[in-house]
C-alpha cells in the first residue's frame, strides 16, 4: 500500500491554477472512458452504451428517470461538456476530477453533489478504494467512477426487473440504492478484515513473529483509512436525511435512515476492530518479551549451574604441593559426586522456585 | 468467543438484495418457532401457545392488551405475515431478521420499533447475547427473540398476578417492563464480571501467568462488546422518554427515567471495570518483569561471586616453575580461606546494597 | 477495599421484582434504626429522638421547619410508612433503599429527591463511603443514612445556635447546608490523599518497591471511584441551581453556586491527582528499571573484567611441554602484573566511558 | 514545590463553619497589610498609601475612578470592614480570603467579582503563584493580593502618565489592564519554560540522566498546574466579554477580546509544551535504554569472545597422559595463534553484523 | 528548528506596554520594506512598486480594486501611517506586527482583519512559516508579509490575465484567492512530509537507528506545529463563510466553502500522519528491542554452549592422583569427542527450540 499517495493525490500539480480549472488529479488511467445510460420508469427500461458524451444531453429533460454512469474521469473534456449541459458549478466539476476528496454532500439547489468512497471487492486481502461522485437531479442521476468495475451490478439487475420497487420510485431512490450498494461494500471488506484478525489471533497463539507485527500495523493503518472514509459518509447521509429539498422525497428518507444505521454499524465495527488490534498488539509484545525472557532465563540457569562446578574443578586444578584431597584414592570420585550433588540441589532449588 | 462473527453476522449474504428483502441474517436455527400470546387487562389474564401465526391476527383489535412473543425468527414467512397484518414497514421486518442490529428505537407513528440486546444468564463465565425486537402498538407488544429462553419470566409472573401494577397499566408499561428485565440482565452479568475481576486480582498476587494476561484481555474485549450494546441502549431509553407520542403515557415515563438511571449505572460500571482492567494489566506487566528481573539478578549475582574465585583458582593452576605460594605448606588452605573471604565480602556487599 | 462490590451492590437479589418493590440493597446492617427530628424556626429550636416512625407524621404540616434524620435504612417497613405519609413515589422509596445509586436529583413537583455520596472522615488512610438520600419538601428535609455517624454535626451546632443565618432561612437552606457539609467531607479526604501522595513521592526518592506500586494503584482506583461520585454531584448541584421551583429560593441559589464552585475545585483536584499519579507511576517504573539496569551493568562489568584474566590464567595452566614463559624465573609475577594491568586498564576504560 | 498543598490550601480548617465565615485559608503571612489607593481621572492623578482601611470608604462615591489595592489578606477584620462598606456579599469576602480558588467571575449586579492567578516573575526557574481578587464597581476597582510585589507596575506607570489612554477610560478599562498584566505574566513564565525545555533537549543529546527525567516531570507538573489556572481564566474573560452589564463598556470589550486571544495563545503554548514534553520523555527513555543496551552488548561481546578461548586453554590444561599436541615443540605457539585467529574471526563477524 | 522561539516570539519585550503600542515582535529583519500595489478591474490592470507608504493612500477611494502587498513589517512607522489612513484599530496594527498570532478573523464592520500562517515552499525538507495579515475592505485588500517571497505568484499571474474570473469579481474574491494560495501551500508541505514518511518507513525495514527516532520525533513535532496553524484556520474560513457582511458576496462564499473543504482535507491528512507516526514509532521501538534481543540471545547461546564444555575440561584439569580416565590411551580423544557431542546436541536442541 503506497500509503501517503493514497492519503492525497498529487495536489501539487493543481497548485496555483485558478479555482474551477479542470485537471484530473489522481492515478492516470489510459483506458477508454465508458458511458452507460439507463433510462427507466415503471413500465419502461432501456440500457445503452454511448460512444460520445453529447448523446447524453437528450436525456436531460425526458420524463423518465435517467442514470448516466461514466467509468473513467481522465477525459477532462467530456466532464466539461457534461457539466455545461447539466449546469454543474465549475467547482463541482473540479471536485469530480480530484480523486482525493473527502466524502461530502453539497446542495446546489437544482442538484445535489455527493462524493463517496467505494471499496472494491477484490481477491487480495487488502482493499482498493475508488472515488464515486453522484449528481442527483430532479429526474436523473449521474455517477462518475475512476475505472470500470463497481459494486452497482445488483442495482442494475433490480432496475431491469419489472415491478421492482426501484422502478416505481424516483431518482432519489436510485441515488439511495447506489449509496446503499457502496455501504454494503464496506461490510464485505469488514468481514474479510474480521477473518484476517482471527488469523492473526491464531498466529499469536502458535508462533508470533515480526510478520505478525507488520500485519497488525497494516490492519491498524487500514482501519485509520477506513475510518477517514466512513465518518464523513455518516455526515453525508445524515445531511441528506435532514434536507427538505424537493429532490429527496419523504418516502426515500426512511430508506436513508436505514443506510444511516448501517454506516453507524460500520463505524462501530471499525472502532471495535481498532480496540481489538490494540489488545492484540499488547498481547503480541507481551508474549514476545515473555518468550525472550524464558529463553534468557533458561540459558542463564544453565550457566549458573555450571559456574560453581567449574570453580570446584578449578580448585582441584591448582598446583599446590600440599593439597591432601588430591592424594585420597577416591578423591576424584568424591569430588565428582559432590559436583553432581551441587548441580542437582541447584536444579531442585530452581524447580522449587518455579524458575524452570 | 468467535469474536468477529459476533461483531456482525454474515452481512455478505444480504449484499445486493433490494432493501426490505426478508432474509434471516444470524446463526441458523433449526428449532421450531414458538408463538406465545398473553392477553390481559385488569380483570382478565389469558396465556396461550399458538400453532400458526395466523391465530395472532385476531388479537390486533381487541380492547385488552396483548403480548405476542415469538421465539425463533428464522421462519421468514411467519414474520412476513405478521408484519403485513400489523402494518409493519418492510425495513422494520428486515431489521427484525438481522440479528446484528445496534440497539435503536424507531418511531413509525402507529407503533414503535425497538431493538435491544439481551444478555442470557448462563452457567459459563462468558455471557451470551441475543437480539430482542419489540413492536409497541396502542394495545399490543410484539417481541421477537432468536431462541427460546429469556429473562422475561418475572414479567410473566407479575402479569399472571391479579392486582399487580402491570395489569392496571397499558402496553407501554409492558414494554417498559420488558426493557427493565433486559437491563436487569446486564447487572447480573456485571456482577459476575466483578467476581472474575476479583479472581484475577487474587491470581496477580499469588501467581501471575500468561493465562492471567489472556483472562484480562478476554474481559477487556467483553467490556468493549458490552459498551457497544449499552451506549446505544441509553440513547434508546432517553429517546423513548422524550417522545410525546400517545403510545407512551406520562405515568410510564417516570419508570423509563428509572431504567435510564440503571443504564447509566451499567455504563458507569463498565467504564470503571475498563479503568480497573488497565490498572490490573499495568500491575501484571510490572510484576512479571519484576519477577523476571529478580531471577536474572539472583542468577547473575551467583555468577559474579564465582567468577573472581574461579580466576583465583585459575591463577594457582598455572604451571610456572617458580610460584612461591605453591610450596607453602598451608598455601592451599590459605587460598581456600582467601576465596571464602572474598565470597563472603561480596555477599555482604550485595546484601548491604539490597541486591539480594 | 472490596472493589467490585463497592461498584454496585447485590443487584441480583432485586432482579425480576416489580419496580417499586422495597428491598434493601446494600450491606446488611443489624443496628437499630435511629430517628432524630430537629424542628426549628427563627425563635424556636427543638431536637428529639423518636422511637417509632409514626411520631414523625405530625411534623408534616407544622409551620416550623423540620429535619428528620434516619440512621439506618435496613428497616424497610419504616421507610414504607414514612414514604406513604409524605407522599413519596414508590420508585423514590426503592432508590433510597438501594445504596448503589449514582448521585442524582429528581424533581417530583412537591418535593426534590437528592442522592449523594458522603465520605466518612476516618482514621484509616482509605476512605469509607455512604449513601445519603435527601427529601426536600416545602418546610421539611428528610435525610436517610446507612449508619450512624455522619458529617452533619456542624450543621446541628449551627441550627442550635440562636440568630445563626440558618435559623432565619427555609428548608432549602438546610438542604444546602447538608450538601455543603458533604462536599466539605471531600476536601478532607482529598487533603489526606495529597499527604499520601507526598509520602509516595518521598518513597520513590528513597526506596521504590512493589509496595509503592500497589499504593499508586490503590490511589488511582480511589480517584476513579471519587470521580464517579463527584462528577454526577456537580450535575446535581447545577440542576438544583437551574430549577425555578418555589422549593428553592433565589437567596439560597447564591449559596448553591458557591458549593458548585467547590465541587469544581474537587474535580480539578481529582484530575490533578490523576495526572500526578501517572507521572509518579512513570518515574517509578523508570527508576525501577534504572536501578535494575545499574545492578546488572555493575555485575556484568565485574564478570567482564575477570573473564580475560581467567583466560590468561587458563593459558598458563596449559600443559604443553614447551612453554618458554613458564621457565622464566619471574614469569609468574610478570603474568600477575600483566593481569593487574589489564584489569586496571579495563577499570579505567569503564570509568572513562561513565559505565561505572 | 510542595505540590499538593499548592493544589488546595488547608480547607479542613474551614470545614463545618457556616458559609460566609471569614477565615483566611492559605499560607499564613505575618507582614503588615499595605493599602494603596490611586484616584484618577483624565486631568487628575493621586496615589496614596493608607494606614487604616477606614480611609478607603470616602472613595466610594467620588466621581473620579479609584483603585484600591490591598497587599496581604490575612487581616480578616480589614476585609470585613471593606466588604461591608462596599456592600460585598459574605460569600465573596470568604472567597477573597481563600487562596485556593479557581479563576472565576461572578456578576453581583452592582459589581463584578473576579478571581485570577498571578504568576510572579522570579529569579528561580520555578514560578510562584498568587491569588488576585478584583472587585469591579461602577467607578472603582479593588484588588486583593496575598503579598507585596506584583506585575502591576506598568499599569501604575501608565496611570501616572497624563494623556495616556487608560486615564480617559473607566474602571472597566483599569480592570482590563490588570487582567492584561496578569496574562502577560504568563508569557514571561512560558518563555522561561521554553528555554528550560531547550536546555533539557540539549542535555538529552549530550548526557541523559535521572536528573533529566526529574526535570521533565517537574515541567510536566508545572504545565498541569498552569493549565489548571489558564483554562478557567479563558472562561472568565469570555464571560466578561459576553456580559451586557453597564459596568463593562463596549469600547473596553475589543480590548478584552484581545486578552482573550492572548489566553488562547497561552493555552496553545501550554498544550504544545505538553506534547513536546511527551516526545522528549519518549526520546529520553528510548536513548537511556539504548545506551544501556549498547553497554550490555559490548560487555557480552567481550565475554563471548573469551569464553571459547578459555575453553581451548582448558582443553590443553587437561592432565591426560596421552595428549599428542602437548608434545609438539611449537604446540603452545600454534594454540596461541589458533586462539588469536578465533578471536579475530569473532571480532570480524561481530563487526560485519554491526554489533560492535 | 529552534522550537520554542517558534511557538511564540519574544513577547517579554512587549510586556507592560499599553495595548496598541506598535512594536515589532518577531525575528528582526534588516531588508528594505517592499510595497507593491496592484490595481485592477475587469478592463484594467496595473502593477506598481511604491517607494513610500504615502503613495498608497490615493488608492483608498478608487473604484477599481486595489491589492497593497507589504513585504517586511519591521518598519513600524509605515504600518502606523497605513493604519491611520485606512482607519485600522490600534490593536489590529499591534497584531500585524506580532508575528506570533494564532490564525484568526476579526470583523471590524468596515473591514475584516485576517491572520494566516503561510508555509514557504523551500528546498530543505523542513518547512518555514511566515505570518500573513490580510485587511479586506470594500474595494481593497492589504496583505502584510514578514519577508519577500510568497506563494501568491499564481494569483498575480491570474490577475494579469485579461478575462480571468478573478478580474470580474470583487476584493472578497481576491482575499479568497490569497487564502486559497496559502492553503495550497499546505498541500505541498504535506506531500513532502508524506515522502519523508515513506523514506522513514523504508529506513525502518532496512536499518533502524537513533537517527530514525529523531526523524520520527522531528516529524511529530512538525505535525503538532502544523495542526496548531490549521485548526484555527478552519475556524477562520468557517467564520468568513457564516458572515453576512456586505464585504463578502454570496458568489464568493461557494469558493470559501471549497477552501474550507481543503482545510478539512489538510487536517485529515495531519491526523492521519500523526496516527501513522505513532504506528511507525511502535514498530521502530519493537524492531530495535527485537534486534537487541536477537543479539543478546545469540551471544548468550554461544556462552551457554561453551560453559559445560569448559567445565568438562576443568574436570580433567584436576590434579587428583587417582583419575583413571587420564591414563586411558584414547581418553583425551574420547573426551574431545564427548565435548563435541555435547556441543552438537545443544546446538540441535537450540535449533529445534527455534532459538537460533
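Labels for the chains are A, B, C, D and E, by order of writing; each one numbers its residues from 1.
Just so we're on the same page, a contact is a pair of C-beta atoms (placed from the backbone, for glycine too) under 8 Å apart; a residue touches a chain by one contact, two chains touch by 3 or more.
This structure is a prediction, so every number in the text was calculated from the model and none was measured.
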Where chain B and chain C are represented by their mean Cα positions, the distance between them in whole Å: 27
Centroid distance [mean C-alpha coordinates] between chain E and chain B, Å: 43
Residues of chain B touching at least two other chains: 289, 296, 300, 303, 307, 310, 314, 317-319, 323
Chain-level touch network, classified as line, ring, star, complete or other: ring
Successive chains around the closed ring, taking chain A as origin and chain B next: A, B, C, D, E
Complex contacts: residues of chain E adjacent to chain A: 153-154, 157-158, 164-166, 177, 180-181, 184-185, 187-188, 190-191, 193-195, 197-198, 201, 254-255, 257-258, 261, 264-265, 268-269, 272-273, 275-276, 279, 282-283, 286-287, 289-290, 293, 296-297, 300-301, 303-304, 307-308, 310-311, 314-315, 317-323, 353, 355
Chain D-facing residues of chain E, complex: 2-5, 7-8, 10-12, 14-20, 89, 91, 95, 100-102, 104, 106, 210, 213-214, 217, 220-221, 224-225, 228, 281, 285, 288-289, 292, 295-296, 299-300, 302-303, 306-307, 309-310, 313-314, 316-319, 323, 325-332, 335-336, 339
